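Next up: the structures, one after another.
Each of the next two complexes has chain A plus one other chain: chain B in the first, chain C in the second.
And then the complex of A and B:
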């Protein structure tokens, strides 16, 4: 479950490799697991710094990318939840 | 053609030029990579920080023999600290239980490739030196006992040609390794001083192909090959089938497309000189901690030229004139072409199907 008021921060051990056309892979060197993310997800990843607010990230996405889907907020929530479940991001305790 | 990544995904690092062995077909000694200088650990550790900034995710420690470096632990810890996983290419003879325990403790080891070329001391040691079989086997046992991902590379030559079945049994049945890989002794390094004693003739290569295809069927997916008789048996059979059926060319055949390495990785010699590949060590691209890796990767003219080989048609070569396989050929490895005829931008004669057949080779049937 995503926390209501805060966003997780990226796991600093995870490598974000931007490879082609803004796409990237997130690579966990401990497990060797990797998964590909699109340019919008790359932008979200870069903003999970523990300071930037969800609303600000969403606003940036809308202003930076054309054809941002209507349900961007739910996609955002799903992506961030997925990162947390994979251990690629987490909440400070 | 595939795009080029923004930075190399992995790097092969020849962390030492020293080795405790002198295998008769060693590709390192007497090659342009044999520079006789080893960088201190501090230089490598500083470079690992740049690799981290470039989001390189993997390094491969090679040499020489990596375990000749007493500070290898320090280098591995540096790679781990900088968010990388690692592989090691080794002769296996210097691996102790203590080393295996350390490697396992890092939890970042992707593979350790040990060279074994025979199922017995007599065959393995004939070209690798006395006592190497026992030591390498002991090293493998230590690695296995700590659950490390061990693999073996078998280099095929005249003296182990009839031992391939026993080697497969030793590695896959007795040692229960998940897989092993094969290649063949190539005209590089020390092999160039006595190729006729080491390298396979076309007829011997045919024999190796037949045996390996049978073993490949028996041990499904457990024998790998990027080069050498098994790889060529598969690639050449497909080329022959395409020619017979008059199929259209695929994978941009008919051009020098045989090497994709320069689109995803680079290498560094033991003296810190950045090169496209450890077997293209004469092409100097810059030096670590002096030249910016990202700039070299994106803009170095020699690297761009290597990537642009894919636009060169095989029709341009006298060597390929009249060849029935030209539409299906990729020209294979530029390093082999360079070693054999001194040109990088040339199809490799070593991987030429027409030449193989003219010299008495025969394509074996692939077992169904």
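And then the complex of A and C:
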């Protein structure tokens, strides 16, 4: 479950490889798992630095992308939860 | 998703069976990777007996079966194709068919339409009769195929056209798209010529396209051709060469994703096999529907167990280094084995690209 007040930070082992079309591959060298993320998700990934707040990331997405869906906040929460479940991001203990 | 058995072993559901229904085919395609015998009025070849088909289905449903693919040879050559379709319908199995379309009739199409979510692909390799028939080896088949396609369109079955790319037809891709538009096809899938069986001979004779040429075609399709048509174009390159949006996007086709761990092939003689490759590679067959229990074959076949345990981590060469290996799984294990007698050998296209220094840099470690 996603923590209410804080965001996870990216797993520093995970490699993010951006491609020409704005998409990127997240790759965990330990497990060999990899998956692709779209340009909006790439921007979220780059902001999971332990400092930037959720509201600020959402604001940046809305100002940077022309067709941000109305339910961007729930997509954001789902994506971050997915990252945590995959071990690609986590909370500091 | 696989589950876990009591002794800690994963249990893989058998989701899909590919039935290679007939040993013969009514066309004689230069590039065929199955290499069936040419069937005509004077010579008929065996087909999978209906009682074996029924028995396999009955055994497979408890193992998780949801999808059936009918292919060949040519599936519509099967003398009991109507009974086979009725059985598939009665079991509510999703149906996929690969056909050359020549034997399609309104009656057959109606029988297909009664099945669950039928998905039909019709092979057309040239946008004109001269090219198509040069590749497919039988005069007159172009018009018959178009007629068959029209029946499928009329029944709203949204057929897909499959075109295999080679030197002979590389300049006809756009014409094929326009033909598909005019006929009412739903999509066009462009396959690369695979160096197996007759396709291997074509490659050796220089009739295939180079990796670079195929990559250039992919770029042209993505940047120009796809934007000029409402027909969906699926280009069947290995995943490392495809945009991430195709694999992970909302409108991605899922193309190129290998489902080898949930598939079993059945040959026209009743043998169980990895896929149609079993016709040419006997060690990739696992028993026979007439005297072997399907559950036993599916759970305990040594080759299937090796594949389940080895994929993707045992893949060698560029496939072992590829970031897509968890999804792509070596692209085509059967073909890799055919060429190298090694299940873990890299896929030929990726291997050639890597050797030539044109494998996408960001896609491997």
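Keep in mind that, in the parts below, the second predicted complex is superposed on the first by the 93 of 93 C-alpha atoms of A that agree within 3 Å, B and C clash if a C-alpha of one lies under 4 Å from a C-alpha of the other, contacts with A are read in each partner's own complex, and residues count from 1 in each chain.
Keep in mind that, in the parts below, contacts are C-beta pairs under 8 Å (C-beta built on N, C-alpha and C of every residue); 3 or more make two chains touch, one makes a residue touch a chain.
Just so it is clear, the structure is predicted and the values come from calculations on it, not from any experiment.
Trainee: In the superposed arrangement, which partner chain does A:27 touch: chain B (first), chain C (second), both, or neither?
Mentor: In the superposed model, A:27 contacts both chain B and chain C.
Trainee: Going by the contact rule set out at the top, does A:13 touch chain B (first), chain C (second), both, or neither?
Mentor: first
Trainee: Quick one: classify A:53 as touching chain B (first), chain C (second), both or neither.
Mentor: neither
Trainee: Identify the partner contact of A:62: answer first if only chain B is touched, second if only chain C is, both if each is, neither if none is.
Mentor: Neither partner.
Trainee: Is A:37 touching the first partner chain B, the second partner chain C, both, or neither of them?
Mentor: Touch status of A:37: second partner only.
Trainee: Is there a shared patch on chain A that both chain B and chain C touch, and which residues make it up?
Mentor: 17-19, 21, 27, 29, 32, 34
Trainee: Note which residues of chain C are touching chain A in the complex, please.
Mentor: 243-245, 247-249, 312-313, 323-327, 362-363, 365
Trainee: Would you mind writing out the residues of chain B in touch with chain A in their complex?
Mentor: 3, 5-7, 9, 55, 57, 80, 83-85, 107-108, 110
Trainee: So in the complex, which bits of chain A are touching chain C?
Mentor: So the residues of chain A touching chain C come out as 17-19, 21, 23-25, 27, 29, 32-38.
Trainee: Once bound in the complex, which stretches of chain A touch chain B?
Mentor: Where chain A meets chain B, its residues are 13-21, 27, 29-30, 32, 34.
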